[in-house]
Each structure stands twice: as C-alpha cells, then as structure tokens.
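When the chains are written out, they are named A, B, C and D in that same order, and each has its own residue count from 1.
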Amino acid sequence: GQAPTEAPDGGDAGPAVDNFKPCMVSDEGGFDDKSFNQLGFEGLTKAADELGVEVSKTESKSASDYASNLDALASEGCTFIVSVGFKLSAPTIEAATANPDIQYAIIDDWADADFDGKTDAPNIKPLVFDTAQAAFLGGYAAASYSESGTVGTFGGAKIPPVTIFMDGFQLGVEYFNEQKGEDVKVVGWDVVSQEGQFTDEFAANDNAKQKAQGLIDLDADVLLPVGGPIYQSAAQAIRDSGGNIALMGVDADVFTTDPSVADLLLVSIMKGMDVAVYDAVMEAADDKFDPTPFVGTLENGGVSLSEFHDFESKVDPALADELKTIQEGIIDGSIKVESPASP
Amino acid sequence: MSAIIAATTAADGTIVRETVRQRSLKLPISLGVVAVLILLLALPAGRSGTSVFRLADRTSTLALPDVGVPTWQTVFICALLLVLLAAYATVQVARYRRVGLWLPIVFAFVAVFGFLTWSAADGLVPVTGLLFGAVSLSVPLVFGALGGVIGERAGVVNVAIEAQFLLAAFSSALVASMTGSYVLGILAAMLGGALVAAALALFAIRYIVDQVIVGVVLNVLITGLTSFLHGALMRQNEALFNTPPRLPRIAIPLLHDIPVLGPVLFNQTLIVYLMYIAVPLVAWALYRSRWGLRLRAVGEHPQAADTVGIKVNPTRFWNLLLAGSIAGIGGAYFTLGSVGAFDKEMTDGLGFIALAAVIFGGWDPIRATLAALLFGFSMNLETLLSNLGSPIPGEFMKMLPYVVTVLAVVGFAGKVRAPAADGKPYIKG
Amino acid sequence: MKLELRGITKRFGSLVANDHISLTVEPGQIHCLLGENGAGKSTLMNVLYGLYTADEGEILLDDVVQHFAGPGDAMAAGIGMVHQHFMLIPVFTVAENVMLGHEPTGFAGRLDLAAARAHVRAVSERFGFEIDPDAVVGELPVGVQQRVEIIKALSRDARVLVFDEPTAVLTPQETDELMGIMRQLRDEGTAIVFITHKLREVREVADKITVIRLGKVVGEADPTASNAEMAALMVGRAVELTVKKGEPNLRSGGLVVQGLRVIDDAGQIVINDVSFEVRPGEVLAIAGVQGNGQTELTEAIIGLQNKATGSITLDGEELLGRSVQGIIDAGVGFVPEDRKEDGLVGEFSVAENLILNRSANGAPFFRAGTIQRKVLDAFARDQIDEFDIRTQGPDTAAGRLSGGNQQKVVLARELSRTLKLFVASQPTRGIDVGSVEFVHERIVQTRDSGVPVIVVSTELDEVSALADRIAVMYRGGIVGIVAGDAPREVLGLMMAGELPDAAEKEVAS
Amino acid sequence: MSEVTEKKQEVVEAPRQNTVIHDILSGSALRAVLAIVLAMLIGGVLIAATSPGVQSALGYFFQRPGDTFAAIWDAVSGAYAALFRGAVYNYNAPNFLRAIKPITDTLNFATPLIAAGLGVALAFRVGLFNIGGRGQMLMGVAAASVVAFTVQAPIFIHLPLTIIAGLLGGMIWGGLVGFLKAKTGAHEVILTIMLNFIAYYFISWLLATPGLLQRPGGSQPISPPTPESARFPLLFSAPLTVNAGFLVSVLAVVFVWWLIERSSLGFRMRAVGENPNAARASGVNVGRTMVYAMGIAGALAGLAGVNQMSGTITSGFEAGIDAGIGFDAITVALLGRSRAWGVLWAGILFGALKAGSFTMQTSQDIPIDIVLVVQALIVLFIAAPPLIRAIFFLPKEGAAPRPARRAKKEVAA
C-alpha cells in the first residue's frame, strides 16, 4: 500500500447539503437481506452520494431495539430517518412525535396506529406499495407460461408485505383461468384462507430449499419465492430437480441484480423501494419534505413487472400485449386487484 | 454348602436374581390412542376421494406410475390394521411377553401412511420428494448428533454443537469461496468445528469450568463472532469471501435407479455420502474397536481407565476434536451442501436439535441418527401438509416436529442413561 | 521381582498422607500393610502404581529406579493392583474390562473379543474361578466383581501384585479362597503387598508386616504378634475392642416387618419375603456380604423403595406406602450407608445438614416459611458440642469435614429427634477407631432409651459387638436370625447361604 | 448434565454480611473486573482488526507505523467511548436530562434480563438447566396480553392483574417442564428447547389470527398497543426511559434471594440441586420440588415477558417480543453465579452493553454483534479463575479448596 500524502478532505462528489443527514433503521433482516432493507438502503446511499452527505445506518436485532435505534440516530444528528418495515411503525411514530424537527419516512406502513386514515405525525412520510397490482401481472404471466398447469409460491414470513405478492399472484392466475378457460392451479398459498407455505425466516437455507422442492414435487413449473434471498434456495431446488422450471423474482429485477439465476428467471415483480426512498431523500434535502404518503402503483410506476429478458422467446408471443391490456385495466379500475394486505 | 434360599438361582458362580415380570402399559396405551385417532379420521372425519402417491420423481429412470388409492377405504383399512396391532401389543403385554421392535415400526409406518392418505384426499403425495427432503434436512443433525455422541461418550457434555455448526459453516464458506474448492471448504469446516471443540476442551478439561457453562457461552461467543465477521468482513466483499461453490450432486449408477429410495439416497452430495459412511463407521467403532472401548471407558469411569494406563484427559481432548470435526462436516452442509453462502445465525438452533437427538438417541450413534431422521421427516411432513391444504393453521403444523419430539422423549425417557462420567471433569491426584 | 520404596512422601495440600515411607518386598513374599482408616496405605500404593506422583522419594524394581508417568508405565514394569474401590466399568462385560488398556486387536483396531474371552477363561481356570466372560460386570455380585479385578491384575503377568483391602467385600469363605490364590502366586515367585484391617487374615498369610500410622511407618510386626499388640501399633494406644452394654430391656411394640418384597427398577426381586421384628430396647444387627439386600431393606423401611409390598408396621402403624417425609414424621431415624451420597449435602453447612429432614415441619427452625437462623445456629452449636463434631463452626460446609465427623453430623441430626425407630446402615464405615467407640456408645444409649435399633454392618466384629440378635441376609432373604453371641464361623457360613442349623452342625464337626 | 448446579454454585457462604461487600473483599470482585477488562480488550482487537481505518493504515505500516497505532486507538477508543455514551452518560448531549438518559436506558434493558436471569438461576439451583426462558416469556406475554387487552380497569388494578397473568402463563410453561421431567424423567434440555418453538408458533398464531391478538384493522401479525393502564409507568419524566418494571424486577431479586437463601422451600430446592439423593432420603419430594422450581422459574421468565410488553414494547408486539432475552438470561445467570444479587448486577452490566451497542453502531458503524462476543468472553473468563490469574500474574487465592475437594471425590468414587 501507499501512504496517503495528505489527509483527504471530504466533499469530493456533488454539492454537499448543509446539515442534511439521511439515516436508516432496518428491521431484524438487516441491510444485507437482499430484500427491502437492502433495496431501501441502496436508494438512500444513491441519494446521499449525489448530495455528497454522510449517512448513518443501524440494524435492529430484535423488536426491543427499534426505539433505541431511532433514538440513537436522533442523537447522532440525523435529519431524515427512514424506517424499514411495518414493525417499526409504532416506534417511528413515537420518535417522530418526540423529535418534531426531524423528518421521517417509513416503508410499507401508513404510520397510522389510530386508524383514522391519517398519518399520526406530521413529519412522517409513509412509502407504501400496492404490490398486488404488479404481482397480478406476474401471476397472469406465470399461468400463461406454465405447461404443467401448476404454479407455486412460498413466502419468507406471513406478513402483509409478503402475502400481498402471493395474493396478487394467485388473483392473476385466476384471472388467466377465467380469460382462457383453463385450470392452472396455485400451490403454496390460498388467498381465501390466507394459509400457505412459509419458511419463517428470510434466509436462504435448506428449509427454504425444501419448501421449493415441495412445490416442485407437486408439479409446479413456475416458482415465486417471496422474501429476500430465499429465491436462491428455490433456484438451487430447481437446478437439483433438473426439470424445466422457471423462477420469478421479487422487489428488484433479479435478472440484473443476481445474474447467477438469470437463466432461470421468467420475470420479476418489482417494488420500487429504492426509487421511492431516493425520491423522498432528495425531496427532503431540497427542503421540500412532503408528508403525503407515497403509494406505489402500476400507474405511477412504483410497482411494475420487469422485462422477460432471456425468456422473451419462450413465452407466448401474445402475452406482452395481454399484459399491457390488463395493466391498463388495473390502472383504470376495470380490473380489481384486492388483497387483504393492499395498502 | 447345602440349603440355599429359594427364589434365586446360581449358575456358574454368578448370581442370577429372579426377575419379576413387569408390564408397562405405556406402549399399548400410546398405540391405542394413535389407532383411535386414525379411526376417527376414517369415520367421523372421513374424506372421500382419491389419494395419489407418486413414487417416481423427475430424475428416476425407472418411471413408476402414480398410485391412487380410494381415500376413505384406505384410511379405514389402515385404522383397522392399527387397531389390530394395538390389540396384539396389549395381549402380548398382558401376557408378560415382550413386544418386538418391529411392532412400533410397522405401526408407525401404517399410521403415517393412513394419515397421509387422509390428508391427501384428492391430492398428491410425492413420496420421493417427501423422503428426499427429510434426508436433506436431517444431514446436519446427523453429523451434529454423531459429534455429540462421541464427545459425551468420552465424558464431555457438548452443548456447543450449535457453535460448531456455525463456525464450520462460516469457515467453509470463507475458505471454499476464496479457494474455489469445496474439498478445502469441507476441511475448513472440520477445522472450524474442531476449533470450537478445542475451546470447549481447554476450558472444560484444563480449567475445569462446568461443561454446560462453557458450551452455552461458546454458542453465544461464536454467534457473536461469526455475525460480527460476516458484517465486518464478508459483507464488504461477498464475491471474494462468500460465494463458495456448491457441492455437486453425484448420482450413483445402478443404485440410483432403485425405485423410490434410489433417488432419495443415491443422488446426493458428497456430504451425504460421507454421512452414509460416518454413521455405521462410528457405530461400529464405538462398540467394536479399541478406540471405542477406550473412549467409552473414559466416559464411564475415568479412574478405572486411568488405572489401566489410558490417559484420560488426552483421550477426551483428542476425541472432542474428532467430534468437533464431525459436527463441522454438518456445519459445511449449511453452506456448501445446501445454500451456497454463509448468513449470520444461519444454523437457526439446529445445533440444539442435534443435542436433543443425542439425548433422545440414548447416546447411541444409530439411535441418534434415527432421532435426527425423525425430526427431519416431521419437518418435511409439515411442508407437505401445508401444500396439501390442510385445514389446520400453519402455525400448528409448524409445531409438529417439536411436538413429536416432546412426545417421543416423554414416551421413551428413563430407559437410557447417560455415560456415568458425562459432564464430570477428571482430576488426577 | 523385588520392590523397594524409598522415602516416599505425598502431600495433599497441607495434609501429609505419606511421610518418608520406605518399604521392601522380596519376590515370593507376602507383605502386609496395616493401618487405620486414612493412615495413608492406599495413597502409598497409588504412588507405586503411578496414579499419584510422589512429592519425594523413589521406587525401585530389582534395584533399578523407576519413573512412572502413569499406571501404564507401572503396569509395563510388571506391577499389578487390585484396587480398594473397584476399578471396573459396570457397563462393560468381564472380557472388555479385562482387556481394557491392552486390547488384542485385529484390522483397523477391531477388538478381538474371542482372544479376550479365551484369556479370561484361561486365567480363571488357573485359579479355579468360574466366570462368564460375557457377563456385564455391573450385574455381578461384588464377590465375583472382586474376582474380575484379580483376573485383571493377573492378566498382564504382574511380578509385583498389590491387593488393597480386597477382603472387605468377601465372605469368610471367599476370603480363604483368595488367600489360597495369594499363596499360590507367592509360591510362583510374585511379590505381594496385601492391605487389610483384619488381623486374622494378616496372621494367616503374611510373611512380613509393616504398620503405618498418620502417614508414617511406625513399626514392623511379626505374623505371630498378638491382636492387641498389632492394634496398639496401629492406633498408637491400647484399644478397647468391645462395647460395654447391658442386657436388653425389652418392651412391647416396635417394628414388625412381614412378607416384605422389594422389586428394583430392572424388575429383579431384591428383597424376597422378609419377616422379622425388632422390639424397643434391642439392637437387631443385619449381617451379610455387601449387596445381599441390606441396602434395599433399610431403604424400604424409610420409604425410598417404591416397589415394596408386604407390611412394615411401627408400634402398630403401617409405614409401607407412606412418603419418606411421612415415615420421618412417624419417628424413624435413618443413617444411610453412604453418607456422602445419601446422608449429607456436601455444599450445605453443618448447621443446614443438621436440619436437612426438618424443612417440612416448620418450627422451631422454620417460621412463616423462613429459616430461623438464630435458632438454627444455637441448635447447631449444641449438637457440635454434644457430638464432638470437629469443625471450624456451624457454617463450615459439611463436605469439608473428615469422614468421621461427617458421620457424626448425620448421627446428631437423627438422634436429636424423638425417635421410635433407629436404622443405622454401616454406621462406622471408614471412620477412625476413636469415632467408632463414640458411635457405638451412642447406638447402645439409644437402645437403652427404649428405641428399637437396626444396625446393618458387613463387619462381623461390629455386628458381634452391638447385636442383641443377628439376622443374616443372603440374596435378598434372611437366612436366619440367631443370638447376638453366635460364633463367627456360623455367621460366616450363614453369610454364604447356609441355614443356621446346617451351619452350626458344620462348625461343630 | 445433572451435575449442572453442583459445580456452579459456590458453597453457600455464611451470609452474615452483605454478599456484595463480601465479594469485594474476597477478591472475586477484582477477578470480575479483570475479566471484563480482558473481554473488552479482545473485543477491541476485533474492532481494530476489522476497522477500515486500521486496515488502510496497515497497508503502509512500514512507512508510517504511527498511523496504524493512531488508527487502532481511534477505532477502539471511539467504539468504547460510544459504548459509554450510550450506556452511562452522554457527554455530548444538549442538556443534563439527555445526558443521563443512557443510564436509564441501561436499567430499562436490564429489567427483563434480570427477571429472566433469575428464572434461569433458580432452575440452576435445583440442578436444572432451563433453556426455556424464551418459551416461558412468550407464554407469559400470551397470558398477560389476554388480561391487558380484554380487561378495562384503572392502572392499580389492571397492571397487577396483567403481571399476575404473565406470571401464571410463564409458570404453566415452566411447570410443565418440571412436571414432565419429574413424571417421566425426560431431559429438561430437550423439553425446554422444544417448548420454546411450540410457544413461538403458538403466539405467532395468536398474532396472525384476527379476533385473537392481531391488531384490528390490519393484517399484520402484530398486537394492538398495550393499553395505558396495563403499562409500567415511567419512573421519571420523558426522555428518561426507566419504568416501574425495573422496581418489580428488583422486588423479584429480593424475593428470589429470600426464596433460595432463606425459605424452607428454597432450602429443599438447594438440597435437591446439590444432592438429590440426600434430599430424597431426608424426606424431600424431589419431583415436586422440581415442578415448583420450574414453575417459579417460568413465572420469572413470564415477568420478563410482561416487562417487554408493558415496558419496552408498548406500541404493539410481534412474535419476536422475547428479543433473545430468554437466551441472554442464561449468560446473565452464569455471570451472576446463580445468585439473586449476582443476577441483578449481571443484568445491569449486560443491559449497559446492550444500551451502548446502539450508539456504537450508529456512530462508529461497528456491528453490534461485538457485544455478544464481549458478553460471552466475560462469562468465560469469570468461570475460569486460573486463566485470569495466569494472564494477570495474580497469586493463588487461599488454598483453592474447590479442585482439591473435587479431586478427592473423584478418587474416592
């Protein structure tokens, strides 16, 4: 190594915004969960890099950490704090009430503990996503692609940000059946009973792999694993089974974020958390903090279906147009996508 | 010598005490309860339809057809069989006869079959997949339990199997990822497991700290350490430090073509084949080799072992290291055999389940392996049942493996004893 | 082989267990070591055997200085030992126990069990034993276990053999048999060290006698020396070997045991149809070789055996089926045979041990569920005085007391209550002569105060000293009940299972 | 494993003086301090080794070694200063109240640790290894929440009722272990591990089922906020976080101290823990004593659960409400040597490490897992006095009777 000749001074990129410090608290998943904590943090760092400001982040290990973490960030001089996940809802409301001069944002939650339909503190911006809309498209695409007539899904935990994907997915499959008069089955989830297959941890472990394997054993030839890195376990189950089975990604376009599974990837159901966080940070840095909730929909592009990439040639050529029509139908309200977990 | 008190007989100088024939109603009662439960599934809770059992999987060369059975009738026949078996057991016990081990095994088989048939009314049971998953989920438990058995047979209680798993998973991911060799990864895992064992040995043997304390604390220490290094090291450069190659599946020719069991047992990874070797080897060696005799001697009565020239503490030390490296192979399965990357706390308490298998298996390698398999099976059964859309809430299904273990432990407890010197340090005068 | 110990010193902390002990044993000689409990005999032998390292001194075999790092070295040098406490692994078979440490093996360390069995059979034949090499040692009676120990010691062609109190668990007949073996070995040229407390045995086989007291050699005696001479050497003063006691003053009532049958966890009948009674004011001694049901009998009386049938009544009240607490409350005092295991909580203070079985009864030691520390302290001090318990104070952990003093704590606890029955199992095992006198006095006192007393002992001397009547147990049954002054030969035959009449006839002939 | 307690417990010393004073005088307090220092040092090595600043300075170590040492100093001192700021006194705070807030955070985190630690310690004293703190806490929460969410009453009725329900919930779950162990001889380690999972899925089910514990109006597996009247009131005003639950935990310490060291039940429990054979022969019903002990241990863990629900996480809880306290409690009990007052101090120490870890993470970006490492090392070092003595060249304390006695026991066995 070479000794630095002189101490480097800060501020080498972008115009620093005075006294602006964006920060983030994760839930128990941590920032390397390959899921919403990580995506949210990417949005945050992207914004901070452009602004040339420092960030602080803190991971929660358990439910009793949320409040302390929020508190520690406030003490560290953060001016804009993003909480990731509905679990942090109440602690964030408390922190926001206690620190009216700090601005907050929370992902996947309305910050509305009293259910009056309004955010409980004027300095919190909820960032929520009607993921079911995009998942509906994904379900339709999966049903269209499936040859075995069975598609499967399983989740990391039975929580609304996960089940909303599964709901939309199944509704999309059902819509396909309705339209085409077919009988594609969904295994691993049931939108009516709200029961299904969960690994109970967002970890790519053997347990997750066996869940995927169980679905494959039931003839599913499209798998939608919802929850952080568990898609990796599903990919391994697919490879081990040697069959012709497609994988679906969630949150980001997994085709680009994880090329190692690109060859299996039918399509990804995207939830633009990084963009939402990025926008919120930029707004706040610009002194234009707006507590109006952001609701990601197909309409505003907050949620969307990715391209088919390598599978372009393998899907029904008419599919793209059908999806477009459905998307328009959802946007104009002629097709209803209702999940109990919808925002 | 003339008159000898009656009721005892002496043969070749040893005294054979007369034994009272005792009846233990535990077995008939538990069999009876299960039989009645299955009968309930057949009669009041009967489901009509067809239950399909799939015996082949995608990779089978010999494609067996799916077997469909009429649900209600099959469950009923199973229930009848179970009732008969339970009745037979009751009669045997009432006549003070011993009931062979075959009976509970056959009974369990029929009961599971009946229950699956009921659950799969108009559904599909992929038999191969069910068993394959069970084996897969059991692999680390089996290695952990083997390590635990060896350590405890030598007289050192090993609560730190969890720590051995974790450090082994960590080091195998790290080394395999940096060298690109999974063989080196497995060796690193063994080293990781042995390292924890060495710490256990140091504190338990050298400093005579209570072994349970050391074990518990090592679990905390290694959890903290691996999580810390994962955050501070691996996460900084995932590509370099945490993308180990995954073990390839090796299908064994011919054996792999055996229907149903072939794909389950003989289309596996290196670690699983190691397990097939390790279990019988340890079982044989423990009871039939010099190594095993001395190991058990040291765990049963260290001073007696000392008086015949066996060095107690070194024996314990080296065997702990051996046990640690075996548990370490189980740790490698988490990363190399299954998922292909290390994640903090990824062993998720399975080390404790392995410990439970050691105790439940009565400190015997074969029984401990069976206990691990039972656990893996009930865990995978849960997956199947929730896929079949059972009316029971998912959370209760997830309790299944744990409830099964509690029932099994409560039912079988008291029949086996720990090695006499298990957990007791040996200090020479 | 000639064995020589020179100036062996071994300390345990501040305790000097061996103080410059020197000793020579010639080949073809039986050398007896005599000494009280705790004199340091076993320690010396453990040093010789490499189990302990001496702080000073050296060991010579055939005039060559030896350095034993462990028993392995000692064995290799030709030393064999039959330990005072069995060094057998209960869950192993006889063959496994015998081969342990020098296992015949085949490929890959495979145990050659056939060879081991053959070896066991060969050695047993040589000495006329009959032992099944595949029997599990823990299931054998102690006398047979002792033989396994001997086979173990002999199976490596030891040239120096140590027997550390091997006869404690044998019947007189078995003892004779063992002494025959020792003579046979001596004649083959083996050097033998024989440790025992029993002067009769010493006189019978010893070629040479060394007496140890408080870790030092205090003298050598001739096998022809009188009992009193040897005892005086051992203890350092003239010893009263008998207990003064008057005629029993019998009253009505007392303990009646009828048709008692006890089954252990393995389903074996360990007590079979035992009936006897003990009247207030008498001592019934229960004699027998260890392991013939005495333990289970006393445990059944105190309620520790849950599979007992028949009847045990005390002053007409049925005890069987009551909880231990219920039986304690009925006035039964109990001194268990293993005080460390069952009698005391080692980590508890002397004071706490003195009220160990009173926590359920409340006052005066417990009020409102709370220990009354002042009351307890005063009580403990009284008992310490009365029973002459040598302790730093009532708060000293009982585990730190010497064996004799631990025994006094147990006695004090039991005898400080009002008793209707007193059961003492091995009351003087492992304690010194001074304490033995004291314990015996207290037992006689208790009897004289009108309490029925049961004393279980494997020591015939103790049985004869205390008993008004003697019941001899054999294989879970009572062979017969004889008068307190029955000759020891008769008792010896009864201990081997002969009925009293037959035994008397045999002795007479 | 049945040996658990035997080695753990000190000989019950003459409790004439206050144990704390006794400990300080006897030098075991010195050992504790040294153990903590040593553990922090090793933690410092880890911090330094993984610090980016140190790593880059190491890159040119031979050109300017001073930089490396400065970087090490910066990393380690920065970390521990942050720990101090987060756990004891925040000297950067704008006002006094905020400055002393950290110490109240410490007590706040210590509160459930103490309660659950007492549960583990009590079980240790009867010779049982209670890894079931987690399940007992969760069942305590489940029971307490029923009262908290259904009963409406003023705080002086509602809160005590909630606590009692929590105690009962934990007691049943702990007592079940004792019962099964006493009746069937099943190993408590297996039982507690399994019951932890069962309790977790049970409370997950409660939380996921509308109409049970699930917060009405949402589909998230989270409970409604704890009603004001079922919460522990704050002991001081706003930024200071410590609540009345701490006082309850201290009361529990006093109770457990009395129970173990002074009561007749505790007398029997200790006897069972030290020597079950002698206890049985002295009329103690060993099985029943185990059931009582595990029941009370479970109740204490249940209290820790109530502490969480009514103190720390009052805004609605999820299935992870135990926050790993059931396991941390084991180390707390070990560090506290299974004695009531020891558990109090150990709980406060671990509470401080926990409270400080947040500041360490936010201001120095150090993964908070380092706290686990330090905790484990402290317990390990304290458990091995010879090691500490060897490292710090301390003389042997007294005659070290323990190993001697053990040796004798072994040899005489």
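Keep this in mind: a residue touches a chain if its C-beta (ideal position, glycine included) is under 8 Å from a C-beta of that chain, and two chains touch if they have at least 3 such contacts.
Please read these numbers as outputs of a predicted model, since none were measured by experiment.
Listed by label, the chains touching chain B and chain C alike are D.
Looking at which of C-D and B-D shares more C-beta pairs in contact, the answer is the pair B-D.
Set against the C-alpha centre of chain A, every other chain centre is closer than that of C.
We define each chain's centre as the mean of its Cα atoms; on that basis chain C and chain D are separated by 46 Å.
Inter-chain centre distance (chain B to chain D, centres taken as mean C-alpha positions): 31 Å. For this pair, chain A with chain B, the centres built from the Cα atoms lie 37 Å apart.
Centre-to-centre spacing of chain A and chain C amounts to 75 Å, using the average Cα coordinate of each chain.
Counting partner chains per residue, chain C shows two or more touched chains at residues 12. Looking at chain A, one finds that residues 158 touch two or more other chains.
Counting partner chains per residue, chain D shows two or more touched chains at residues 204, 208, 367, 413. Contact between chains, per the stated criterion, is found for A-B, A-D, B-C, B-D, C-D. Those residues of chain C that touch chain B in the shared complex are 12, 46, 49, 51-52, 70-73, 75-76, 81, 83, 86-92, 96, 99-103, 105, 108-111, 129-132, 135, 140-141, 144, 152, 263, 266-270, 272-273, 474-477, 479, 493, 496-499, 502.
On the side of chain B, the complex with chain D involves touching residues 157, 159, 203, 207-210, 212-214, 216-218, 220-221, 223-225, 227-229, 231-233, 302-303, 344, 349, 352-353, 355-356, 359-360, 393, 395-396, 398-399, 402-403, 405-406, 409-411, 413-414, 418, 422-429. By the touch criterion stated above, chain D contacts chain C in their complex at residues 6, 9, 11-14, 258, 262-265, 267-268, 270-271, 274-275, 277-285, 399, 401, 404-405, 408-409, 412-413. On the chain A side of its complex with chain D, the touching residues are 1-3, 23, 28, 56-59, 61-65, 67-69, 71-73, 75-76, 86-87, 89-91, 93-94, 98, 113, 115, 158-160, 163, 194, 340-341.
Residues 54, 57-59, 124, 126, 128-130, 132-133, 136-137, 140, 231, 235, 246, 249, 333-334, 337-341, 343-344, 346, 348, 379-380, 383-384, 386-387, 389, 393-394, 398 of chain B are the ones touching chain A in the complex.
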